[in-house]
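As structure tokens, here come the structures.
There are two complexes below, and they share chain A, which is joined by chain B in the first and by chain C in the second.
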Partner chain A sequence: MTDFVTTYGGTLLQGFLWTIILVSVGFAIGSVFGAILAMMLVSGRRGLAWLARSYVELIRNTPFLIQAMLLFALMGILRIRLEPVLVGLVAVAIYTAAYMAEIIRGGLNSIPDGQREGARALAIGPVLQFRLIIFPQLLPFVLPASVNLLATLCKESAFLAGVSVAELTFSGQVVITQTFLIFEVWAIIGVLYLVLVLSIMALAEFLERRMMWLNPAR
Partner chain B sequence: MDQVAQASNNTPPTVAVSLHQVSKWFGAFQVLQNISLTVRTGERVVVAGPSGSGKSTMIRCINWLEQHQSGQIVVDGIELTNSHKTIEAVRKDVGMVFQHFNLFPHLTILENCTLAPTWVKKLSKNDAEATAFEFLEKVRIADQANKFPSQLSGGQQQRVAIARALCMRPKVMLFDEPTSALDPEMVREVLDTMVQLAQDGMTMLCVTHEMGFARQVADRVIFMDRGEIIEENPPLEFFSNPHHKRTRAFLSQVIH
Partner chain C sequence: MKYVLGAIETVPLLLDGLVTTLLICGLAAILALVGAVAIVAAKRSGMRWLVVSATIYVTLMRGLPIVILVFLLYFGVPALLDLGRVSALWVGVIALALNGAAFQSEVLRGAIARLSRGQSEGAYALGLSRFQLWRLVLTPQILPIALPALAGEIGFLIKASPVLSLITVVDLTRRAQQVTMQTFDPLGPLLAACVLYFFLIGSISWVSRYLEARLTVGKAR
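After this line comes the complex of A and B, so read on.
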């Protein structure tokens, strides 16, 4: 057992760290684009909304693995040489953006028009309106949903092993080809995913309890 | 109507709000048809009329929540144009109370009242809170200052909404059916607050079906139908001798 840990522990740990990096950085970048897409969706401009809607539906209605494989193939066609992890990260960002757009759009739609009108009647301009009225009411809606998305991403990112991204699942495959400890390795991998997802959920609960602090109107 | 037009042309300081030949369309539908109306400082004007006649649209044009397409609107000497500065200046002068209160649910009653004074008028926190308590006491709800809107009854919430608007020290208050969304037993407390406000000399333009309130405080009652003002009279005349047959039909419905 100690032999196994000293010989292969590093490989698995490295895979674990790559999964965390892939998912967290991809999620962060994707969230920014998701916010932009959400603004396009609610912009009231037909063309922009249609463009954003097409993107969102395309991503939400196809498997993540197929998206990743298409992205890798596209890189090949365009002769763009990138580290597989970077391509994986882009795949995660692309996926996140679509789901985040829907989360934010849903949040924006859940805030009644009366909120904006109440603010406008008090001479509160658009920037302050967003900061003081919209954003704080968006948070309790967006935060739990994006944490769920993050947890989903952790699990979906396992598919990136299929396109040779050296993340956790891939490192499991590597160790298995060397040890043939199929059950043991997958059990360890499973536990590592479990730990990751449960930590995210715990963090979310902590944030939700602190949400009051995140109210910039205070 | 000629008098109204003159009043809006050189806007003497005694005119709080004037609308001159204001028209507005939603698509092809003309919702306001050449509306002319003057509200003098200290005056209380009640606007009545059937649902869909354009009452809300008219008063929402006064603080640019809706934009008129022709005619002229002057508020406290400022003509409304599509410029940020003008709109902000007018909105600082005009308080508005909505049918559905539109309080900010993520802020306490006190914070609802101090938000705009601190961020828009740049009052210090202390000054804003002092102002807030002054008006929360006026609407008799200061003891609820640290609660959230959802913890209050509808009548209480609407009184907070009135206080919140007053905290900006507006020159005119607009009311858009402030009691229509309330349970019957809560209408009185809101009307009492509005009567008190009228007695304090506030300039008020109120859309309401509360004809008792109109009788008690209005200097004039305006009757709107299909985007037009078809009758404008002091309450005594308005109620005892309605000229237009649509006014009579309306009154027979709302007065039992």
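After this line comes the complex of A and C, so read on.
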């Protein structure tokens, strides 16, 4: 066992770190685009809203593995040479953007229009209106939901092993070809994912409980 | 545009993959529902060890990626128990069912939690047996509440099902890859598979939304 850890622990740990980097950076980039998409959805402009809606529905109604495969095929056709890890990161960002857009849209919709009208009546500008009125109410809704999304992303990212992105699941496949310790390696990797995903879920639950009193709807 | 039409032309080649995906997901969804009922029963049994093991099970399934569950069951367990080769198709069905059962049990639990306690007390006062209570009073109320979310869970099941292509099951995803190898077209078959998945999962989420709108009419929200 100690031999195993010293020889192959590094490979697994590296895969684990790549999963964390892949998911967190992809999540951060995707969230920015998700916010933009959410604004398009609630903008009231038909064309913009339709465009954003099509994107969101397309991503939300297709499997992540297919999305990743399509992205890799597209990269090949366009002759764009990127590290597989970077392509995987883009895939995570594309996926995040769609789900994040729905989360933020739901939050924005839960704020009554009267508040915006009231703010305008008090001559509060759009920036200040967002900072002082919309954002503080958005947070208790969006934060727990997006942390939950992060947990889902960690699980979905395992599919990236299917397109040879060197993340945790892929590193497991590598170690197994060298050791033939099939059950042991998958069990270790399972535990690593469990620790990662369950702690993120616990954080989401903590945030939800903590921010409940901020939520005007309850 | 011509390219898109070309991609659509590969759809017939993908149909047997689509059928496999449908069969696997349909079977897994039914098994998952049976499992979910068992989990809910265990959680409500009041027997400590049953409650604890059901809770641990649901937590494990919620935290473990479906890819790892499938790899554990297809590669790991047979290696540990020296079973030799096992059927990838059945392992896939079982893995999706095990996973789906945990999530569906949460849906059922949530639906049951919304019923008031007075219902069971009233039913017992009228002399109904425990079985009659569930069949006549509770289940007809749980179903409309749970059905939209259950349909949503079937959508998640289909979205997870390409995991089976990673263990040699020729489902829609793997069929698309095979057609790619035959036609030397890296994008078309995948695009066609993507469209098929989109209509499949999209129609289920449409049904889910329809049920939600339909079944909540006239109820105070």
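Just so we're on the same page, the second predicted complex is superposed on the first by the 201 of 218 C-alpha atoms of A that agree within 3 Å, B and C clash if a C-alpha of one lies under 4 Å from a C-alpha of the other, contacts with A are read in each partner's own complex, and residues count from 1 in each chain.
Methods note: contacts are C-beta pairs under 8 Å (C-beta built on N, C-alpha and C of every residue); 3 or more make two chains touch, one makes a residue touch a chain.
What you see is a predicted model; the values in this text were computed from it and never measured.
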item	value
Joint occupancy of chain A by chain B and chain C, clash or fit	fit
Partner chain in contact with A:8 - chain B first, chain C second, else both or neither	neither
Which superposed partner A:18 touches (first chain B, second chain C, both, neither)	neither
Partner chain in contact with A:198 - chain B first, chain C second, else both or neither	second
Touching partner for A:159 - first (chain B), second (chain C), both, neither	second
Partner, of chain C and chain B, that touches more residues belonging to chain A	C
Partner chain(s) touched by A:61 [first = chain B, second = chain C, both, neither]	second
Partner chain(s) touched by A:137 [first = chain B, second = chain C, both, neither]	first
Included angle at chain A between vectors to chain C and chain B, based on C-alpha centres and rounded to the nearest 10 degrees	100
Chain B versus chain C as contact partner of A:76, first or second or both or neither	second
Chain B versus chain C as contact partner of A:95, first or second or both or neither	neither
Least C-alpha distance (whole Å) that remains between chain C and chain B when both complexes are overlaid	19
Interface residues of chain A shared between complexes with chain B and chain C	none
Footprint of chain C on chain A - complex, ascending	57-58, 60-67, 69-70, 73-74, 76-77, 154-159, 161-162, 169, 172, 176, 182-183, 186-187, 189-190, 193-194, 197-198, 201
Residue ranges of chain B touching chain A (in the complex, touch as defined)	63-65, 84, 88, 91-92, 94-96, 98, 100-107, 111, 115-116, 119-120, 164-165, 168
Residues of chain C that touch chain A when the two form their complex	59-60, 62-69, 71-72, 75-77, 79-80, 155, 158-163, 165-166, 173, 176-177, 186-187, 190-191, 193-194, 197-198, 201-202, 205
For the chain A and chain B complex, residues of the former touching the latter	112, 114-115, 117-125, 128, 132-133, 136-137, 215, 217-218
